[in-house]
Amino acid sequence: MTDNNATLITIITEAALETTLIKDIEELGAPGYSISNARGKGNRGLRDAAWEANSNIRIEVICSDIVASKISEHLEQKYYQNYAMVCFSAEVNVLRPKKFN
Amino acid sequence: MSTIDPVIWFFLFGLLAGVLKSELRLPSQIYDFVSMLLLITIGLKGGVELANQPFATLIPQILVVMAAGFLLPLLVFPVLLYLGKLNRADAASIAAHYGSVSVGTFAVAVAFMSSQNIEYEQHMALFVVILEVPAILVGIVLAKGLSKNTQWANVGHEVMLGKGVMFLMGGLFIGWLSGPSGVESISPLFFDLFKGVLALFLLEMGLITASQLSSLKRYGFFLLSFGIITPICFSVIGALVGLGLSLSVGGVAILATLFASASYIAVPAAMRISVPEANPTLSLTASLGITFPFNILIGIPIYYWLASTLHASLI
Amino acid sequence: MSTIDPVIWFFLFGLLAGVLKSELRLPSQIYDFVSMLLLITIGLKGGVELANQPFATLIPQILVVMAAGFLLPLLVFPVLLYLGKLNRADAASIAAHYGSVSVGTFAVAVAFMSSQNIEYEQHMALFVVILEVPAILVGIVLAKGLSKNTQWANVGHEVMLGKGVMFLMGGLFIGWLSGPSGVESISPLFFDLFKGVLALFLLEMGLITASQLSSLKRYGFFLLSFGIITPICFSVIGALVGLGLSLSVGGVAILATLFASASYIAVPAAMRISVPEANPTLSLTASLGITFPFNILIGIPIYYWLASTLHASLI
Amino acid sequence: MSTIDPVIWFFLFGLLAGVLKSELRLPSQIYDFVSMLLLITIGLKGGVELANQPFATLIPQILVVMAAGFLLPLLVFPVLLYLGKLNRADAASIAAHYGSVSVGTFAVAVAFMSSQNIEYEQHMALFVVILEVPAILVGIVLAKGLSKNTQWANVGHEVMLGKGVMFLMGGLFIGWLSGPSGVESISPLFFDLFKGVLALFLLEMGLITASQLSSLKRYGFFLLSFGIITPICFSVIGALVGLGLSLSVGGVAILATLFASASYIAVPAAMRISVPEANPTLSLTASLGITFPFNILIGIPIYYWLASTLHASLI
Amino acid sequence: MTDNNATLITIITEAALETTLIKDIEELGAPGYSISNARGKGNRGLRDAAWEANSNIRIEVICSDIVASKISEHLEQKYYQNYAMVCFSAEVNVLRPKKFN
Amino acid sequence: MTDNNATLITIITEAALETTLIKDIEELGAPGYSISNARGKGNRGLRDAAWEANSNIRIEVICSDIVASKISEHLEQKYYQNYAMVCFSAEVNVLRPKKFN
């Protein structure tokens, strides 16, 4: 495995934000993203995906650490206060790192 | 045996299952499917009816109903702000919910009318669409003022192209373009199954309503009273407007129900994006936890009684 | 052409597709939906029938059937323990599966009766609910003894509020409260589509059964014999109980089928939580891989023949 | 009002919603469900018909149609390679798409015939299965040559046991084994709902087609012309074959439609695995973005006109 | 990105355990959790989500390393022997670390 | 938590590859895998899961770093050129590390 690092940033938030958030993420320079459906619980209570208003999504973005910082700052400013959202990141080894930088 | 429509029993069954914390659930895509069928069917019914009469004759009615859609949220906003002591965003959001309409409530009213063999103007479906949107716009303005920052293009896109409005409009147009004989071939799915589909929808609504009940305690007395008094007042306005538009008794009752109903799908979604500082639990508790069950269990028969009484005395 | 019901062909088609490792699948939420429709429909049918007769007259039958539900697992437990040389947990779990019932098998029996125009007591649906639960409790006690550690409140909650029991009970009550004329409006979805929905259900059951076949080899001869002999013996007990309760031939045949059937939904779920050391593959291989196909392909006609023979000779 | 079938309006509605970037969607499992129902229903209808006539009489027709399935992709491959200047893999893949058939298009043709009360041979469903597979094999050979590396066993498995072929074949066999009276009990789900289900299917197809339109610009004029001219030419071949086989006017029209249609489910899936270097966007843009809407909106009436004209002049 | 660490513990197990497991996790001090549906294969064979008895869930919990240890010990003792289950953890950077400690 | 490491390799790719890929992964020595459904966007455009041809899956494999390298090399050679695919890996702590080595 080529030892080439990139940052994986994961966002778990309300499904209603999908369209808006993807637009933001792409504008901040993310080279791509992946989404799956989720449910969960946190500060803002239970979100059990019983219906759309109550569903979460889990977004993953592999990108450079600079873009990752931009994304997490942007989320903190624009969404953290009013939306159910958590965000975490870690270093990962990627195949073909150029794809993500 | 009882005279309660079985679809209402499905709602109560869902409610009970939810309260008992049963693991019963309608799979989420089935819930979406069932909602979609209801919306298309309601649209189709309205559209077929439109095919039978010149559209122009409806324009006055449409304008009056649309005006009401803009006015209703303005009536409750001050109540929420001053009496309810809610902050501006929450007051505006709740006002938008109650100014708009609930398609589920409309479907139950339609089922009520047909099981009691009460005639009504089929083009009422058109009013669902017309009443859905204006309150959202008013709600946003109430929350933010006429600020230039509001991305009205986005809001309009979100609202007009949201699932609810689209399926209703799609059904309306298809029904209108196909006419009564055209839709016959698709009627086994859309018309014959209507009440069964409504039953499944209400089962899940019961479950969702049950999940709102816990928040009810938190918000207490004001929200509870608001969620019951508002629909009653709005139903009176709706009934009077209906009389003014010379609707039949059934039509007046349905318009009263529409006015009395509060949105729990289109408006919450729009508010979440456009007025994010409003607390969605608050407005959903009111519209879904209080007003929806009130309307389908108690309200609709009352509104029908209201419609007949007013009709008899005023006309 | 053939006299085999098309729903059985759907099962065989699924089985074949599974054995051929085709990628054919019923989407998981559709499977849930289809199961749910079957459960509600069966409940509704039973409930409508209950509306026609005083409930009190059924109490003796209910008590007898319930007692059988407690006894059946006790009959097979020693066989599994000593003859099958299974450990205590596995023996207890399998005993619970066979003491309880399979709603899918019941639905096929109902379809068989109606396609052969055989009358039966519609309130048999009630027995499905009554037979579903006791075996689970017995199975847990067999596995763990009457230990104080067992969280009976949890177990009861899990069992009584599980999807299967809830949908059946919900359907029963709604059918009962609405009566025959009340359910008419929802009958296109729940009654007219019943056999088509059953066909889809059996298609998926065929696929699932096929996936159990590989484990069959592993567990070999004892499980295979057990999975065929048990339903035959239990069907005789069921038929005799049915005769004792003065059921019609159709009713006797269905009660025999119920006794012969083994659970593959409610019981596995309950055992997984309450007796986790039991191997779920073992019990599912038996109930789903052997007994279910045996019952729907061969058993039901035999049980009907048994019911008619006994009925003719004993009454 | 209009003479356009409402199912076509559903397609146009989906197309419009997609173009407007509405968030409207059929949930993915519902789309799978709806496709599955269509396939089974089409199979069942064909199978019931097969039950009415000796299979042997169909063998000549089957062989002719199968031969056509092998030949059609060979006709367009050089066009794509030399005129379209596509690389070998892409040319082979597109040739396979157009040599094979689209079940959705077939379903619309069937709906067209029945709404216009035009008779046709019900066993046409058999030809859907027969035409689906050969073009895939030809496409792979065109792309790779008769290389030993091709895992024909895998390809065969993938193709024959894919969902489309399996559901059609399953329906055919079940219909054939059950006969007309046997399928009666499942007809409310499979036959009565057919057109409604087709409407939902076409709604989603409209949405998917809309999502292909953006790629259309990229690939431009050649693909557009190819996607319209090929079906027209193939429909003439199909119509002539149909006449040669002495089919009725309706049968000729449907065979013409089958030849004209291009696969967008089975073939793309097979090509993705067996000819991965072919660009899937290219072939899907053609078959789904151009040929599918062309066929259902304009083609089918033309092919029917063609069939009647040829029938009248040649026979 | 604020460099604040938390532990992300991921559990893949039988769907039947969802309710019980969530209760346990919350009692052990997890500030929240996220769940998505999964299928898979492991020691206990294929679990292809064809039906509920055969479905997996994937639970993620962001928490302090102490809570993470508690959770993984608890799982090992109470569930590992009798249930299809894997569990792994890693350090991640989180936005607003106070939320998780 | 026992401090025992393994490698977690995550692959996001076209749903059509599921069967083939799983076969490959198992042959390369993976002791198990987990899969969930996903959608996303990358070099090869939007894959929004509107229908099967357009759906992604997210495969996770916990294994030794040697197997992980084999898997990622294999993917690079056999699939990367013609399929929508990303692949990344990271070290994780696992319960019962013997299960994965």
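Annotations
Labels A, B, C, D, E and F are assigned to the chains in the order they are written; within every chain, residues are numbered from 1.
What we mean here is this: a contact is a pair of C-beta atoms (placed from the backbone, for glycine too) under 8 Å apart; a residue touches a chain by one contact, two chains touch by 3 or more.
Everything numeric in this text was worked out from a predicted model, so none of it was measured.
Chains that touch both chain B and chain D are the following: C. With centres computed as the average of Cα coordinates, no chain lies farther from chain E than D.
Put simply, the chain farthest from chain F by mean CA position is B. Chain C and chain D, compared by their mean Cα positions, are separated by 41 Å. Rounded to whole angstrom, the centroid-to-centroid distance between chain A and chain C, based on C-alpha atoms, equals 46 Å.
Annotation: 19 Å between the Cα-based centres of chain A and chain E. Multi-chain contact residues of chain B, defined as those touching 2 or more other chains: 23, 25, 28-30, 32, 188, 192. For chain E, the set of residues touching two or more other chains reads 36-37, 90.
Per the contact rule defined earlier, chains pair up in contact as A-B, A-E, A-F, B-C, B-D, C-D, C-E, D-F, E-F. On the side of chain F, the complex with chain D involves touching residues 14, 16-17, 20, 45, 48-53, 55, 79, 81-83. Contact residues of chain B toward chain A in the complex are 25, 28, 31-32, 204, 207-208, 211, 265, 268-269, 272-273, 276-277, 280-281, 284. The touching residues of chain B, when paired with chain D in their complex, are 28-30, 32-33, 36, 51, 157, 161-163, 166-167, 170, 173-174, 176-179, 182-183, 185-190, 192.
On chain E, the positions that touch chain F within their shared complex are 10, 12, 36-43, 56, 58, 65, 68-69, 72-73, 75-76, 80, 86-90. Of all the residues in chain D, the ones that touch chain B in their complex are 1-2, 4-7, 9-10, 13, 17, 20-30, 111, 115, 188, 192-193, 195-197, 199-200, 203.
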